[in-house]
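Two complexes, one shared chain (subunit A), two partners (subunit B, subunit C).
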Partner chain A sequence: MGMRKVAIVGVGQLPFRTRYPEKMYTELAFDAVKAALEDAGLTHKDIDSAVYSVYCDALMRQSTSDLIIHDYLGLNGKPGVRVADGAASSAYATRVGYNEVASGMSEIVLVVGVQKSQDVIDLQTMHRGDAIFQAESQTADVIWENPFTIYPWGLVLSAHIAKYHTPTEEQIAKVAIKNHHNAMDNPNAQLHMELSLEGVLNSRIIGWPTTMYESCLYGESAAAVILASEERGKEITEKPIWITGIGSCHHNSTTEMNLENAGRLWAVYGAATQAYKMAGISNSIHELDLVELNDLTAGIEIISYEELGLCPLGKGGRLVDEGTVEKTGQLPVNPSGGRIANGHIAGVSGVHSVGEVALHLREEAGKRQVKIRSGRGMVSTLGGGYAGLSAAVILER
Partner chain B sequence: MDHKEYFETSDKFEVNYLFSYGGISRFFREIVENRKIFGTKCPKCGKVYCPPRSNCSNCYVSTEWVPLDGKGTVIAAVYCYWVPANWIGLKYVDLPFINALIRLDGADTCLGSVVIVEDMTLNKKVKQGTRVKIKFREKREGKISDFYFVLDED
Partner chain C sequence: MGELEEIYNIIPRYFVKERLSRGLGQWSTVVQFELDGEKAFYLVIDQGNFEIQQGIYPKPKTVVGGDITALRELLKGTIDVTHFIANGKLRLIRGDYFDLLNLSRAAYIVKR
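Let's turn to the complex of A and B:
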């Protein structure tokens, strides 16, 4: 391709929390960036360019927040750009940062995602969660999805089940149990809670078949990675982690659905296919050591196995039943706990996951460390109205 | 910082819209004035869009309005049990409600709406393949909530 190699040389993650009332978004971004720079042994003066992932302005109570963050980080005068693509934002941002280094335009690029979500409040219920939904309501298509298509990924899941008769309610619950169990070893996780099959199936139902414990959390956080060219990367660290594949795909998953090909997450498929091609991966289940993906719901995780080519279409449930995707299995998926137990916030989850996979490949993931055999890991993200946004990243050591 | 140490204050952000539907205005005018549902058809490839588009995304030419009979097939259905407290949809439906992707007869794309049925037994009356037909609400304001679907038992 004529592009340069790109390394991840610094990782900074903050825990996912329901709320960080003691921090404004500038302060959260600062904490994540400072941690990433310290990890890399660099200072902010070494940064050539910054890519910001900040998702929803209404939640942030600020548009064009990237300028304010850039100034706060002491980067005035340097290039900055903002990426906002739903829950997949920061993986898209990683792709933008990657291109800056790969093209030779920059040597060291900061990718940082930050999001506040709990500064909003519903004055009738005095609950913040209700207000979050409202603040984010323009994510979906305001003419054609709002108000009734409140769970666009639920439509994909329901269509998938109608066509393939999987995943079953039990398989979906097992994914929730797996991810909650994995999160117990993750100090960054928002929720540390073991679940039982009964507990998951009997928890409040949101949209069939998804129950409360099978739905992603939502909160606040920030995360950052430092990208560097091969030359600088090798100077900076003994453990550069290379980005060898990257893909992004906008694909409306619902408007074109028909009975013949119902229940597909086209964006996830598209982004993964591009990333695999670039990384030279043809049999992902044998060539990856871990995957961190956006389990917006546990059922969506199972469909994602299929879209990522870990198994044929309609066979995702079997990977759950056979334990393949458990932390001790052939290909651990979401050893961090994923979106439903580690945490989720659009704007941050993608770059948090990129850093997470990098830590595993460095074998610095602490108690949640998975076995590294092939030295490759993958991040897959999903978001947006129409379940239509996805970016994927493949990392290699 | 201890949680008692941070200082909170309030603010409000309120915006009212009086927005235009531009090139697809006819879709909503026909619903409000004539209780009719239309799609748009590409004169080149023949693809019919509903929801309508004034341009064909494949051929990059202008589309033409075509009337649809309002009957269709459910492609996907979600039985929704939980919504946020202030959800605007509660003006139009009770919980649980069925959100469905419907492919109208004559159209090549899917429209999201609700299907209202007596028997709400899960996946019984409304599921993939169910035939439905459109119904218009008494009060229509030019929004997707102006109509809903019921079983087409003819």
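Let's turn to the complex of A and C:
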């Protein structure tokens, strides 16, 4: 049986915020789904099945949140499934939703990412931060790795610098400046502030060479997209955005610290390679109009350029220096402001980015709209305690 | 004006509770400074109120060594303390690293 074409017909995004103190996760999911359904001109009765991206049980003190959200959305009796793959969860969820439609199992599928992260408390210290750290540390080996690293990002980046002698600290800082500048045009962004090179470089060292302003934000949010078959997609909207490539890859990036593998993000490479092959893309920098990727740190964004094939290995810093990845450059990367300035919480960011690229391709992204030339955009996500989870999505209008 | 004298002027002038954030307004500690070639002095921070004194405090919570120029730069609030720790210009001799992070955060806030 051949695979059917799959369209994105509805987008719903809530702003990233440090905390939504007045909302439960069910309500955040509801708000994002309502916005996506309104965008598509559908109601919950039109949904055939739902895919939930909820990254962390410990942060929500709930291990079957998908069932509770499903009920809250009025979808009882319909198929539902939950996907959890670190900070890449919701792009993996998009892949599951894609498969659901492409295979013919469903006509219209809801993909929703939601995560609360601040409604926990450590009962010994009575600090939220301690409880959050404990929950987050469960994505790596809690006995061995966590006392020694700030997760894998610093490790991969410093290994990359040792191997390729790039990126420089200035190039990394420029990525943070770029993404913060982009976020100024995004009303949904969690942080609106322009940064200087000196300010970024002199801010707190989180894990050399990454400083505070080069690190992703951490908060709460929800986002949703509605996927539809070709036939239904064309009925629903005049501007369907097609998923033409999709891939995912599990590959631990921190255990293979030999000369060949150190400083690589093989998961990002693997997911992108699958997606490019499916979409027929052979020269990504010339065939894409924008990329939204997981800049969990600014240095990781630069390594991602290389793994996505936008430039040779070790040359990612040049794309920053030459302005290629600026909003007005040849290939804008993270015009939303990315995880560094738009905001981030695992479980949500991927589907937020899928919606973001769809809005750009529909030319409905407001002040942050980039120029659409080829009509193709890409989402690349990365996550997990070992930088080992990645999913990539190619969108086309 | 010498660097130590400058620090004695900066603390009471800028580091006042009203200018700090709510979290730092509840911060209490004593930080002893034993800087290279300088007379010892200490900071008493009580619920966000700063007081600078000459000499040795009997039981300081935190003791810091290093270069007085680095401390003066830190108190300007333009460079985070982690950079001075990383390049060895300031040293935590004993005590709580978070006292140094908080001092840097306070300097950044009062500068703004």
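Keep in mind that, in the parts below, the second predicted complex is superposed on the first by the 378 of 397 C-alpha atoms of A that agree within 3 Å, B and C clash if a C-alpha of one lies under 4 Å from a C-alpha of the other, contacts with A are read in each partner's own complex, and residues count from 1 in each chain.
The rule we apply is simple: a residue touches a chain if its C-beta (ideal position, glycine included) is under 8 Å from a C-beta of that chain, and two chains touch if they have at least 3 such contacts.
In this text the structure is predicted, and so the values were computed from the model without any measurement.
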item: Contacts of A:58 with subunit B and subunit C, given as first, second, both or neither; value: first
item: More subunit A residues in contact [subunit B versus subunit C]; value: B
item: Subunit B versus subunit C as contact partner of A:156, first or second or both or neither; value: first
item: Touched partner set for A:258, first subunit B, second subunit C, both or neither; value: first
item: First (subunit B), second (subunit C), both or neither touched by A:328; value: neither
item: Contacts of A:203 with subunit B and subunit C, given as first, second, both or neither; value: second
item: Contact residues of subunit A, present in both the subunit B and the subunit C interface; value: 204-205, 208, 212
item: Subunit A-touching residues of subunit B, taken from the complex the two chains share; value: 1, 3, 5-6, 8, 11, 13, 21, 51, 73, 75-89, 92-93, 97, 99, 101, 103, 108-114, 122-123, 127-129, 144-145
item: For the subunit A and subunit C complex, residues of the former touching the latter; value: 198, 202-205, 208, 211-212
item: Footprint of subunit B on subunit A - complex, ascending; value: 21-22, 58, 61, 122, 124-125, 127, 129-131, 133-134, 143-151, 154-159, 162-163, 204-208, 212, 254-259, 262-263
item: Residue ranges of subunit C in contact with subunit A within the complex; value: 78-83, 86, 101, 104
